[in-house]
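Scroll down for the structure; my scribbles are underneath it.
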Amino acid sequence: MSKDGNALPTPHPFMANTAPGSFQEMLRVAKVNDIEELFEQIPQDHKFTGEWNFDSAIPSEASLYKHLTGILRKNRSGEENLNFLGAGCWQHYVPAICDEMVTRTEFLTPVWGTPSSDHGRNQVWFEFQSQIGELVGMEFVGLPLYSFGTAGGHAIRMAARITGRNKVIVPRSLDPERLAVFKTYCGFKELSGYIEIVYVNLDPKTGRIDLMDMKSKLSSDVAAVYFDNPNYLGVIESEAKELVALAKTVGAEVIVGVDPISLGVLTPPSEYGADIIVGTTQPLGVHMNAGGGAGGFIATRDDEKYAREFPTLQVSLTGTSVPGEMAFGLTLFEQSSYGSREHGKDWTGNSVYLWTVANATYMSLLGPTGFKEIGNTILQRSHYAAKQLADISGIKITWGSGYFKEFVVNFDGTKKSVATINKALLEKNIFGGKDLSLDFPELGQSALYCVTEIHTLEDIQNLVSAIKEVIK
Amino acid sequence: MASNFKLGLIINPVAGMGGKVGLHGTDNDLAQIAISHGAEKISFDRAQRTISMLVTEQDNIDFYSPGGVMGGELLEMLGINFFEIDLNENLYFNKTNHLHTQNAALKMLDHKVDVIIFAGGDGTARDVFTAVGSKVPILGIPSGVKMRSGVFANYPEHAAMIILDALAAAQDGKNFELTNADVLDASIDSREYSNSQFFGSARTFKAPNRITNPKVNSHSNQDVALMELAAHLSKNLEPDRLYLFGPGQSAKAILSNLGSSFANQDQSGVDAYYAGEIIGQDLSEKAILDLLSRFDDKRKFQAPLLYLGVIGGQGFLLGRGNQQLSYEVISKIGVGNIYVLANSGKINQIVPSRLYVDFGDAVHFKIFSDYIKVHVAIDRTLVCKVLSSGVQSNQ
Amino acid sequence: MIKSKIRKYHAPVWDEPLVMQMGKAGRRGAIAPVTEGAIASAVGPAIDLIPASMRRLNVLDLPELSEFEVQRHYLHLSQQTLGMMGISLFGTCTMKYNPRVNERIVYQPFVSEVHPHQDPSTMQGILEVVNRFDHLLRKLSGLDKFVFQAGGGADAAYTQACITRAYHASRGELAQRNEIITTAQAHPCNPATAAAAGFKIITLALEDDGYPSVESLRSVVSERTAALMVNNPDDIGIYNPKIKEWVDIVHEAGGLCFYDHANFNGVMTRIRAADIGFDACMYMLHKTFGGPKGGGGPAVGAYGCNEKLIPFLPGPIVETNKDGSFYLRDSNPNGVARIREFLGNIPTVIRAYSWTRSMGIEGLRDAANISVLANNYMEKRLLEIPGVTKGMPDVKGRRLEMTRYSLGELTDQTGVSCIDIQNRMTDFGVDAYWLSHEPWFIPEPFTPEAGELWSVEDIDYWIDVLETVCTEARTNPEIVKTAPHNQVVHKQNSTNLSDPQKWATTWRAYKRKYAVTD
């Protein structure tokens, strides 16, 4: 039951002015007799007068904790289970200091602030942009976007604005989840700004984009060629340079999506000619959070052609009134939706800026050697797992080489569906790889397995023996 | 009440006459030319609309005015007693100049008037201001071609209402609220429409809904979205249609997109375009009407289209700097064939929303509906309220 | 209303270098797990596993620090962030307490280490919280279903724009219905997202009452109208009392109506979107419902709609089985497939559910009452400060949880701008205030919002600081214009920020442009 307007508030730990006295003092100064006077602008017939039938309040923290954890403990997680799911969200180890920083109240609770009020946080933003720029080899980086897919979607729209064209070529192997986001961003042909999505095939022998097919799809109305490296099915596009050269023959922009954790060992897309690089930030020190760890970035050369199309906000290093002092202020704010409403470049808003704290901390902890090391560990472990699985009769690794942390495992020879196998694995506390049979029927009963630095030799052996049992 | 409210009245008899004939003012010798082009007297009628609303208060107001065409004639006609400011010469309609205005204003200072109200445009405002500075509040009855200074009432009736409010305040022993306002006029050697020179800060009444904002110079505000719209419109001009372009940067930007031969058009006049060519520049009301007649065969031509800007911070659609787009012209074109385009930033500054239409009289205000779409970019419009001249727009 | 003693404040100054300028070659902050010998010998050197064309050749120029050095650096930066450590009345963002218990909950593996593609049977706890919170929001709004995929308020507005597309496309009317109507005082994200979705934008200008008139709306509603997207109250605290009529007019023409409830705090438990007639609404969980803002997300724009629009919601959508367990349903083929990947920022949905349960309906009512009362309390005191005036003063009636003020008079008299004052207030430990969304039609604007968190003493202190600074503007304008003085750094040079030769969003760009050598 709700209280009527005049009832005094009930003391609550989140509201100082529910204490006796404060509320009355404010009423007195504001010259309010009846609290409803304050709502005089709202016509009576707009106001809700019914019964709420709301769940009762739990103002005690102890009780609240018990209530919440009681529900949430029903979950199973990658911590106490062996998780081989990737496909757009990946389980990496999150260093304790990353968690410490993102839960610091100073970082956790504020809003945007200004260069004067929140210098420290603005510096983190700059360090995030700088370190991402270093990993991908680009000089202009914005603050993060909601996700990998939204970063890609905005990048495609940037390319369409830059070229004045309205077609994008994407590989057929694109993550269906991300492709769905791209489709949303590319719009409807009935409306303005529509971008047609054209699909380029992958070579079934290699899992890479079919260069001949790419050639046939390219035309002078193509705004952008988009591909991921490694691609969704785990394969490294080793002919990236050739792909870029092809795209350039028709003047298309090249957008490459990357997993930055691979860039200690893989060539950054800037070196093979990408114009716009997008990617995920989740592997860099952010928990999976059931998908709530998602984050994305856009990076380009420091060229006005690109900079003036960024939809994001970004901080720039600048000076202050004191020589030698550094400050960090927003650049190109006026082209954002905050600066120009519907005349701006797409739109921005609250994004995932807190994750820049985790990302910057993570990148600083790893350093050049750490990135190389983690890349190597992932490469070796994923290849070892694939090898072990390939040795099981009835199982094939669809593309046996040239991948980073994910690879496609085919179960056709076991005469069992991935669904059945995964269900059985679940009973053994194993989350099997992402079932691809619905999204990619041409791959048969296949699953996308993800192996990272968290998977030990023993974990891999457990997986192998579990699968052997399951397919018997 | 200690003494009566003292009101000085100055009419610039030739003000506003250049508007309909496509001249950009009546300073210096232009008045002669205007008359020879058949211009009508404007400021007398406009001042009458203001002063007639003060007739009932004549016992409470002491009027001060030069004789004849500079005010006396009007006051006599309305039966108002006044103290004549003697300028030591006979004032004839087409023989007055800026020195007469300055002289009259100076002498009013000696009489310690509470306010000087004048009928004229920016040039007149500048003359009054030159004489009195900020020593006494000034208020313009809008009667010129250009009125970009911040001392003009929106309409003659608004000027009267401001005076009535000030009078009421004075009778209650209160001070009426004053504010500073920019006095602007075209820079001496430029006819470029968007250039205003700042002459100083006058005192005037604080009446934001009745006094027009000073016109904001549009130079500093490069509006990419609007320029894109202009380019887009220029690509879609149809061969069987007469296009008219009102004064100002926004409408003229469409023309300058057509190529270098169309660029650098004088921005202050009305130009006409048909089938790839400029067929008229800096047109007078009569010339526009003639053109419209030439193109009114509906089997051969589509209805003419007028591209019209908005006068900067003033929010004027018609009646400031474009009097050649008269009631007759607009009704012949049809309101539905007017395409308004403007910088969104400027229009957004006008809160509450008001765009003004002033055909110079209190009769022809019914032609516009209450709301108009202002195009601010491709596929982007702002819906603004339109107030037309006359007492129906009391605010 | 005893004027408080102005405290001595100074921000911590560590003179902290960039992390890229720190450390020593060879120093390590984290060691990756070592590949077991059995693995290494089975697969060989890692580099051989990469196609030759794709091996990174150059060494990354990232900092090399010890673990402690990294920790200390970011702790320093956290200390150099004022944010909520003082008083933040950042208007339009509803600064709230973000209960610490929620961090304790969501950082446990049963939330943080859940993978979005896990079998729904293993995510029942999360799905249950989503479902429970969906039902609470249904009660507060009167609508029929909520989803949480949108990563913020703007993303929820985009959700609306996309659902509008899908809805009209499903009826074969999209080509014709290509106009979205909004108002000059709607949050910029409404026209911006609608434009990004491909619609033409019609913006209604504000009139004398502080909102556009019904007639103005009528003049543009037609068979081309796809939707109306508006805030109410707006962020000046003005409520449009004709909003029901607006919704009727748009519905009659066949358009949809979206209620951007960014300013819900003052009207929660009084106004329900469905009762006004709206088809859909948006709540910001990182704002109104106690989720932390993180300096700009991860946030959640909870999007709710009526039965008419449910078929067009983006998936995956949490649904209930007959046995009371939960499953995930994908979007319909003619619906919006995704706005963003996965289920949304689940930890913040959990935090918002937790906050709402702590408050209960009485707590929500108290919070709304206190927010609006506190705003009116502030108004009384603020208008006593010479040079401070109320935005749109001719609009009568009590403002709701926010009021926009103008420092225009003070600026005219002293040359000190609202931004100078914003900077100077940080010298007293008071976070920057919000100015205004575009368009700025109130000169030198500022928009404080007290909300229900801040005590009367905090609010008084905030006003006392503003008053002190306004006095300084008259007695010592230079100290205000050159502020801040007690902050981490001094007044920034903002001219570099818009100069392509000088801006630098990364350290590598800065080093090149300013010829810095490490």
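A few comments on the model shown:
Which chain is which? They are A, B and C, in the order written, and residues in each are numbered from 1.
What we mean here is this: a residue touches a chain if its C-beta (ideal position, glycine included) is under 8 Å from a C-beta of that chain, and two chains touch if they have at least 3 such contacts.
Treat the numbers as computed from the prediction; the structure is a model and nothing was measured.
Of all chains present, the one whose mean CA position sits nearest the global mean of protein CA atoms is C.
Chains A-C form the pair joined by the most contacting C-beta pairs. Computed centre separation for the pair chain A/chain C is 18 angstrom, with centres defined by C-alpha atoms.
Chain B and chain C, compared by their mean Cα positions, are separated by 44 Å. Per-chain Cα centroids separate chain A from chain B by 57 Å. Contact of a single residue of chain C with at least two other chains is seen at positions 191, 195, 199-201, 203, 438-439.
In chain A, the residues that touch at least two other chains are 192, 340, 342.
The residues of chain B that reach two or more other chains are 344, 379-380, listed in rising order. Of all the residues in chain A, the ones that touch chain B in their complex are 192, 340, 342-343. Within the complex formed with chain C, the residues of chain B that make contact are 344-345, 347-353, 369-371, 373, 379-385, 395. Chain C meets chain B in the complex at residues 184, 191, 195, 199-208, 212-213, 215-216, 219-220, 392, 438-439, 441-442. Note for the complex: chain B touches chain A at residues 224-225, 344, 376-377, 379-380.
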